[in-house]
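Several structures are given next for inspection.
Below are two complexes that have chain A in common, paired first with chain B and then with chain C.
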Partner chain A sequence: MNERELVALERARIDESARGPVLFFFATALFWLLAGTVLALAASLKLHTPGFLAGHDWLTFGRVRPAHVNAVVYGWASLTGFAVIVWLMARLSWAEVRYPSLLVAAGILWNVGVVLGTVAILAGQGTSVEYLEYPIYVPPILVAGYALVAVWSIVIFRDRREKEVYVSQWYLLGAMFWLPWLYITANLLLFWFPVAGVVQGSVLWWFGHNVMGLWFSPLALATVYYLIPKVIGRPIYSYYLGIIGFWSLALFYVWLGAHHLVGGPFPAWLITAGIVGSLMMFIPVGATAINHHMTMIGHFGKLKYSPTLRFVVFGAMSYTAVSVQGSLEALRDVNLVTKFTHYTVGHSHLGMYAFYTMTMFGAMYYIVPRLTGWEWASARLIRWHFWSTAIGIAIYVALFTWGGWYQGVMLHQPDSQGKPVPFMQVVEYTRPYLIGRSVAGGLIAVGHLAFTVLFVLNLMRRGTRRAGPTLFHEEPAPVASQPELAASSV
Partner chain B sequence: MFSMQRGLAIFVGITFTFATGWVGLIVIPHLQLGELAAQSEEGTTEVYPRPLQGLAAQGRAVYISEGCLYCHSQQVRAEGYGTDIARGWGDRRTVPRDYLFENPILLGSMRTGPDLANIGARQTDETWHLLHLYNPVITSPGSIMPPFDYLFETRRIVGERAYDALPLKDDWAPAAGFEIVPSDRAKALVAYLKAQNRTFPLKEAGR
Partner chain C sequence: MTVGYLLFLLTLVNFGGGAVLALAWAISSGQMENVSAGANSIFGADEPIGEMTDTVLMSPSTSADSRRSARERCAPRGA
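Moving on, here comes the complex of A and B:
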């Protein structure tokens, strides 16, 4: 055996050690994605057809909507995040996962928490504290499950045989440390030892915004930083841009929550700090965008072939878009219009879906075949998955950006006679956009079904056995410069 | 350049940067606002705000469990910043003191429906609230608010009509011999809505 084959064997052994927990995280994440999609469609339909599934307290809009948000945030997004943490940490540290069954136990614990929380919200026990709707007995279960994942990943990191610490690992370490600080502080100060009055609002949005930017974003960025170079077979463009991007994110992002308080009953200095922090975000976002773009240059042609690359690059570009949009939304004049409207809902889906979720789909296309030893069953289904989710989310964001903006203009700015537009007229105006959103959501759901079929077929090792990865089109030359012995899906 | 090759160095860095935002968004606001107290009107016994009592406090729990917050905010923006006051959603902006006893705070982040910070001041009619909850289009044609008919009970009229039976007419009227009455939860929710009144003059709110 030559050295290259030995390395490939070792890599396969590391993947093997991560197989159980990573597949468990992915499989249960997918379950929550589907559950979250059903809840999302129900909520969306209800908003333009209030009589739909009415008459039952379990299915009222005010419960279905938070059940959806929490199912995708804590179910789908956090569980895919765990999978990526464990797998990337093992690969980049060049160290096996010890006692993987402990991580499966952590995953079971986490899932128990999400099941209890979802049922509790639908049963009317939700807290109405956004992103923290689970009743007080659920967070300790989640914290216990999370603690196992985090400790185990640190152990992998400490066992590392590869001494070089790669950009992705900074983001993973950051996220793993930020999440518990955020989640535990927020739970303590809002439910166990509640602070008074509007300070709760400050704590809430400190948590609500950071959980996006310091938990989900770093996980997805770690994935992007690993997978783009891996698939196109060249190193990341600049290590130093990576450093600038990481530390400026860490420094500025922590202030962003305060821009949710613009115009509200809060001290002016706090709101100003939030706006300044939001504008400073151009630095990390610019550094990261340039770094990814310069790495991709000359390789955009590979988007035609590689499902992983196409999903991940779609995610990375959405990151730039959602970040620029978010910074602008923080400005007082813009915020006056967009706050309280569907524009914000469009923005959050651009972040959590077009950026985070699409990146995670890309990660799954890369990781899963390496764990099951089986290639994806059908390029046609992958195409269905990509186009229906990509077009679906594009329509979604476009509708809510346009419709939400004019909803805000009508709602918050006087008309030509200097009078407010009658409220019911604003409601009437938004209706077609709400209907359009349901259609876009239906399209996204089709993509999720296609992906579920692919995932289940892969776990069952069904479909034709392939020698190489399942690509959108047969490619003239090999995609990766470092072929791997085991499955090599890209 | 800061070494990015050592776990400990990364750990110290992310702790420090994260701590700055934590101090800014949590510790300082808590120090600044944590000691805020209710305001009493000189020469009178009036004190504002007061914690909710009785039925209104129970209604707050209903407001939370049914998720009203996902479509309704409870905050009035200042004159000159938006049209909140022109819409009649309040006669002044809301300030930290207004929320002194709110736990959890229900500021809300959506206005799919109107702001409710002062709904008790602008709509005092109990029957209007009950009809609106039973099915919003009865009082507000074109509304996309869901019906909360499950907070009401349809029952056979025994003897006289109940004093609190909904005055439903035409298409909305129940079958002959039946009446629709609000449950305790519906009554509590209405009591809570009617208690939403943030019109007490406060110096820091400019009036």
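Moving on, here comes the complex of A and C:
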């Protein structure tokens, strides 16, 4: 066996050691993605058809909407994040996963927390604090599950055989360090030892914004920094830029939440600091965007073939878009119009879906076959998945960016006679955009179903056995048909 | 309230202090010295620079094939 085969075997062993927990995290994440999609569609339909499912307390908008948000934030997004942490940490540390059952136990604990929290929200026991709607007994369960993953990460980092710390590891370790402090501090200061009055608002948005930028963004950026160079076989354009991007994110991001308080009863310096921090984000975002773009130059043609690359590059481009949009939204004049409108909802979906979720789909396309030893069953279904989610989220963001902006303008500016625009007229104005959003949500749901079918087929090792990866535009000759394979595996 | 302020202070110290400690460790352990080694650390003899790992056309000698055969040796059937 030559060196190449030996290293390949070693890499496969490391992947193999991560298989149980990573597939468990992915499978349960996918369940929450589907549950979150159903809840999202219900909430979306209710906004333009108020009578829809209105006869049941537990399906009212005030419960379905937070149930959707928490299911996708804590169920789908955090669980895929854990999967990526485990797989990337093992690969980048060049160390096999020890105690995989510990990680599965962490996943079970986390899922128990999300089930209890979702049922409680639907039962009307939510806290009504955005992103922290789970009742007070759920966070300790989530923290316990998280702690197991964190301890495992520290152990594998300590035992690493690859001594160079790759930029993705910086992001992963940062995220692992930031989440518990954000989550525990917010829960303590809002529920266990509640701070007074308006200070609660500043604590909430310190948490609410940072959970995106210091938990989800680093996880997705770690994935992008690993997968783009890995798929195209070219080192990252500038490692320096990567490091600058990470450290400037660490310095500036924590201030951003205060821009949610523009116009509120808070000290002006706090809000101004938030706005300054938001504009400083051009540094890490610019560094990251230039780095990814320059790495991809000369390789854009590969987007035609590789599902992983296409999803991940879509996510990386959306990161630039959502970050620039977010920095501009922090400006007082812009915020005056966009606050409390659908514009903000479009922005959050550009971040959590077009950036984070699409990147995670790309990661799953790369990781899952390396764990199951089986390629994706159908290029057609992958195409369905990509186009329905990409077009769906593009329509979603475009509709709410346009409609939300004019909704904000109507709420602030008098009409041609100098009178305020009647509120119901503003509501009526947004109706076509809300209907369009439901259509976009339906498209996204189709993509999720296609991906679920692919994932289940892959776990069951169904479909034609392939010699190479399943690509968008190429059908590799089958190596063996299913009956032959079944015979050979006996 | 006092507990709240203490926690807030602790958080600030943790964020700032943690970042400073991590940066100090990175510099002292030489992570910032040879950055090209960091950038190249994700490649290996099995998946060298210059080869896609999601290739379009697979020949028997490509890295993906050797990786695949290795993977299949490790991954048991019916996983």
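Basically, the second predicted complex is superposed on the first by the 471 of 490 C-alpha atoms of A that agree within 3 Å, B and C clash if a C-alpha of one lies under 4 Å from a C-alpha of the other, contacts with A are read in each partner's own complex, and residues count from 1 in each chain.
Here, a contact is a pair of C-beta atoms (placed from the backbone, for glycine too) under 8 Å apart; a residue touches a chain by one contact, two chains touch by 3 or more.
Values in this document were obtained by computation on a predicted structure and should not be read as measured data.
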**Q.** chain C versus chain B on the shared chain A, clash or fit after superposition
**A.** clash
Q. In the superposed arrangement, which partner chain does A:Val129 touch: chain B (first), chain C (second), both, or neither?
A. first
Q.
Under the stated touch criterion, which partner chain does A:Glu3 make contact with: chain B (first), chain C (second), both, or neither?
A. second
(Q) Between chain B and chain C, whom does A:Phe300 touch in the aligned arrangement: first, second, both, or neither? (A) neither
Q) Looking at the overlay, does A:Ala12 come into contact with chain B only (first), chain C only (second), both, or neither? A) second
Q) After superposition on the shared chain, which partner residues are touched by A:Tyr99: those of chain B (first), chain C (second), both, or neither? A) neither
Q) Taking the superposition as given, does A:Arg461 touch the first partner, chain B, the second, chain C, both, or neither? A) second
Q. Of the two partner chains, chain B (first) and chain C (second), which one does A:Ile236 touch, if any: first, second, both, or neither?
A. second
Q. Per the overlay, which chain contacts more chain A residues, chain B or chain C?
A. B
Q | First (chain B), second (chain C), both or neither touched by A:Gly201 | A | first
Q.
By the touch definition at the top of the document, which applies to A:Leu189: first (chain B), second (chain C), both, or neither?
A. both
**Q.** chain C-contacting residues of chain A that also contact chain B
**A.** 164-165, 173, 177-178, 181, 185, 189, 194-196, 240, 243, 247, 250-251, 254
Q | chain C residues within the chain A interface of the complex | A | 1, 3-4, 7-8, 11, 14-15, 18-19, 22-23, 26, 31-32, 35-58, 63-67, 69-75, 77-79
Q) What residues of chain A sit close enough to touch chain B in their complex? A) 46-48, 50-51, 54-57, 60-63, 65-66, 124-130, 157-158, 163-165, 170, 173-174, 177-178, 181, 185, 189-191, 194-206, 210, 214, 240, 243, 247, 250-251, 253-255, 257-258, 260, 263-267, 270, 273, 277, 332, 336, 339-342, 344-345, 411-414, 419-420, 423-424, 427-428, 430-431, 434
Q | Interface residues, chain B side, partner chain A - complex | A | 1-2, 4-7, 10-11, 13-15, 17-18, 20-22, 24-26, 28-30, 32-34, 36, 63-71, 73, 75, 77-78, 81-84, 86-87, 93-112, 114, 136, 140-150
Q | Interfacial residue positions of chain A with respect to chain C in the complex | A | 3-9, 11-13, 15-16, 19, 91-92, 162, 164-167, 173, 177-178, 181, 185, 188-189, 193-196, 226, 229-236, 239-240, 242-243, 247, 250-251, 254, 302, 305-309, 366, 370-373, 461, 467-469, 471, 474, 476, 489
